[in-house]
Amino acid sequence: MWEIYALAFLMIAGSIVAVHTRYLLSAVISLAVVGLSLCVTFLYLQAPDCAITQVVVEVIALIILIRAAGVEKDLLEIKGKREAFAATATFIFIIVFAIFAFAALTHLPKFGYPVMKVSSEYISRGLEETGAANLVTSVLLDYRAYDTLGEATVLFTAILGAIVVLREIGRKEK
Amino acid sequence: MSPYRARKEGMTNIVKTISKFVVPPIILFGIYMVLHGHLTPGGGFPGGVIMASGFILLILSFGKEVTLKKLKVSTASILESTGALIFLCLAILGIPAGGWFFVNFLSKGYPLKIISAGIIPLANIGIGIKVMGGVFAVFFTLVVFRISAKR
Amino acid sequence: MIFFLSFVIFLIGLYCVVIKKNLLKIVMGIVIMEYAVNFFLVSLGYRKDGVAPIVTEGVKEAKFVDPLPQAMVLTAIVISIATLAFIVAMCIRIYQRYHTFDVTEIRKLKG
Amino acid sequence: MNIIPLFIGIPLGAAFVLVLLGKAKEVVSDVLINVVTLLLAIFSLVLIVFLKDNGVFVYTMGRWFPPKGINLVVDGLSLLMLVVINWIAFFVTLYSVSYMKRFTAKARFYSLFCLMIAGMNGVVLTGDFFNLFVFLEIASIASYALVAFGVEAEELEAAFKYMVMSSIASVLVLFSIGLLYGLTGSLNMADIGSIIQGKKNLLLSFSLVLFLAGFGLKAAIIPFHAWLPDAHPSAPAPISAMLSGVLIKALGIYTITRIFFNVYGMTIQLTWVFMILGIISMVGGGILALQQKDFKRLLAYSSISQIGYIMLGLGCGNYWGMLGALFHLFNHATFKALLFLNSGAVEYSTGTRKLEEMGGLSKVMPVTGATSTIGSLSISGIPPFNGFWSKLFIIIGLVQAGRFTLAILTVLVSVLTLAYYLKVQRFAFFGTLKKKWTEVKEVPSIMCVSMIILAVICIGAGIFFYPLMKVILEPAVVVLQEGTKYSSLILGG
């Protein structure tokens, strides 16, 4: 159990560094620290599927983000004018939001004891009903396959969108 | 010296030599992961990304020209559409075969064997092809664009 | 407690998106928020002393953790990488047009 | 009822095929997309006939009955949205056959367009929270790419702003879905509705706030509106018509309505929230629109104002208010699509969007001028056009609910609407024709056709509002009035 807490604090630290560091490249790398600790956390939370997907996605995301950061020659972050008022307002808003959220989150079931209204059926009958030994796959591709169709379509859309946005000429000459 | 290594494009010889040995196992591992998605952790999406990352390693180490000889962007884009169509066809075939959209209409087979679970492995293959093509195409586009933007 | 920690990460991401002036920092804020939500969802499904929901020859009646949030998170991860690829493509394109990542200088639209 | 999944299957298949067709001749993709959207539009009419006897259809995906699997639900409200989405999409594709000739990569444009339609149809049809999120993302990502389609600097900037705001909204929605799952252990809307019925705790109100913020961002209700006035004008005109006419309603208003009315159940406090948001959007959007000098930007602000009307009507909580709101939703889709297509036609012929540079254009562009006059009159609520009836119903609803000041305010905002549309008419279409526009020609006939049909719908819906009301609006109002009985209807049948 303590490993999960330790990793959670590591993730918080990593994300604070990623937000506040001046160098874009270090920010990208701290972001990768967050992502990889999330991957290890998934392993401790008994979610190997998520861990595998997270690690491959993290690598691709890291490469893509470094490519984007590499466009700028000097990797320094731009120092905008400090808008003290906006920063304070945001901060106060976030604190109010956080207090409200923390009060609300106590109403959730305790960590480690989920409700599992639907999932208990997946667990008890998943193998015989779908034939897949990996219950996550049986949920993903049989019980909720429609979601996965949507997911594949999201990926298709985003890739098509990226190709469209990156094409050289948008409008034909008149 | 092999013609690929003699090119100036890409990284140093050490990287090129190592990636020559590493890329085939990476792609093979991706295929393994796609095919065993219903038995072990993994599945179509991570397997497809792993296959694509093999090609991405090729781009990074050998440069884009060599990679284009192995897998063209237009081919990747066609693969992407084809994979998506395979998955959609499996979904629609459920209507004539089982009466509902997305019915698992094939026999379930013996559990814990590689040929089991009806359409799930087929769907995984479709997703794997699609993801490989898509991730490769988008990465290639990003790389190529960056070079032409510097001009 | 774990839920609170994931919410803290979420708030850090939100702060980053709202305050920062660099396009890539904004993108990173969104990515951090997505990490936080994924963490939250998986921790919702964790059972004390549970094992991963994969049936093998030996364990058929084990105490499995909840598979549904894991399936949701797999979908959410794919969506986040898709969004990231698209958003980075936009960033590069904007850089090509404006030669900067500074939000305060990207102001061709009025109002 | 095997035609229900086809609302998603056909556009998805068309999108995948269109990318494969990228190298083929343009005519092939033109014909394919128009056939697809026409087919969907006809299917939506077929559904009206089927639904007349049954009231509600539930389609279970893959034979897994809810809450185990995902179900699609078609009831009056979904049907209304389906009709609006698919018919407007058909007119817009007809229009873009000529309009999009100015752009490159037309097949990819159509493919993204199909994906957007599929996403919206999915959102409207689904009965499952997580599925709602997935299709929300499809529609949103396709719309970001379409806003940036011209890849000019302003378009990219607007699309980036839209994308950041909308991504935050998506994450908020996903978080809220997670909260609900943690509390109930289910993802089905009807199932969750039956579990949380009558319960009240802080967690539920927190998730409600997150939903309101998330979907409010998608609907551009005023505290969350910052992206809309940039994104909608920057897009190509057919996309502006689609975004303003349909997308903000399918992703924003419909989802808010479904979740608040059918899953959580409306309370007095929630009606107040709806009304306050509605008034702010209505008045604020109207005042901001009055100051605009850009044709499409004015239309975008006017969209915010009209969304305010819809929210206000929904907040009334009585029959006439809700009927007015839904009727206004239908009407706004038609006339705002028409007006955006007009602005696109003006831009196509003259190349400008600034109102001061235009003038007297109705002499050289008679069809555009006449249809835009019809659109302007009906959006400002002049009888006998359709906008009049929906605004009248909303006002009746407000009076019945005892809010006389609000009713007067609504009338005043209507006058404001008339003022800024008269400004459009005076600057752009009437007055003396400037010298540089004497050579301007009317747009190609296929664009005229779609504008004319939309204008005819505006008049027709005004004159024959009663049969329209009986056939597709009343079933939708019934869904709202049933409230949380929704869950027992779905799970029982």
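Just so it is clear, A, B, C and D label the chains in written order, and each chain counts residues from 1 on its own.
We adopt the following convention: a contact is a pair of C-beta atoms (placed from the backbone, for glycine too) under 8 Å apart; a residue touches a chain by one contact, two chains touch by 3 or more.
The structure displayed is predicted, hence computed values, not measured ones.
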Q) Measuring between mean CA coordinates, which chain is farthest from subunit B? A) D
**Q.** Chain-chain pair with the highest tally of contacting C-beta pairs
**A.** A-C
Q) Quick one: subunit A and subunit D, Cα centre-to-centre, how many Å? A) 30
Q | Inter-chain centre distance, subunit A versus subunit B - centres from mean C-alpha coordinates, in Å | A | 22
Q: Using mean C-alpha positions as chain centres, tell me how far subunit A is from subunit C in Å, no decimals.
A: 2
Q. So which stretches of subunit C touch two or more other chains?
A. 14, 44, 52, 54-56, 68, 74-75, 78-79, 82-83, 85-86, 88-93, 95
**Q.** Residues of subunit D touching at least two other chains
**A.** 12, 16, 19, 61-62, 130, 134, 137, 141, 144-145, 148, 151-152, 156, 182, 187
Q.
Touching at least two other chains at once: which residues of subunit A meet that condition?
A. 48-49, 53, 57, 60, 64, 67, 71, 101, 105, 108, 114, 116, 118-119, 122, 127, 133-134, 136, 138, 140, 142, 144-151, 153-159, 161-163, 165-166
Q.
Per the contact definition, I'd like the list of subunit D residues that touch subunit C in the complex.
A. 130, 134, 137, 141, 144-145, 148, 151-154, 156-160, 163-164, 167-168, 171, 174-175, 178, 181-182, 187, 229-230, 234, 297
Q. In the complex formed with subunit A, which residues of subunit D make contact?
A. 12, 15-16, 19, 61-62, 64, 67-70, 101-105, 108-109, 111-112, 115, 118, 122, 130-131, 134-135, 137-138, 141-142, 144-145, 148-152, 155-156, 179, 182-187, 201-203, 205-207, 209
Q. What residues of subunit B sit close enough to touch subunit D in their complex?
A. 77-78, 80-82, 84-85, 88, 91-92, 94-95, 98-104
Q. Subunit B touches which residues of subunit D in the complex?
A. 2, 5, 9, 12-13, 16-17, 19-20, 59-63
Q. Which subunit C residues qualify as touching subunit D in the complex?
A. 10, 14, 17, 23, 26, 30, 33-34, 37, 40-41, 44, 68-69, 72, 75-76, 79, 82-83, 86-87, 90-91, 93-94, 97-98, 106-109, 111
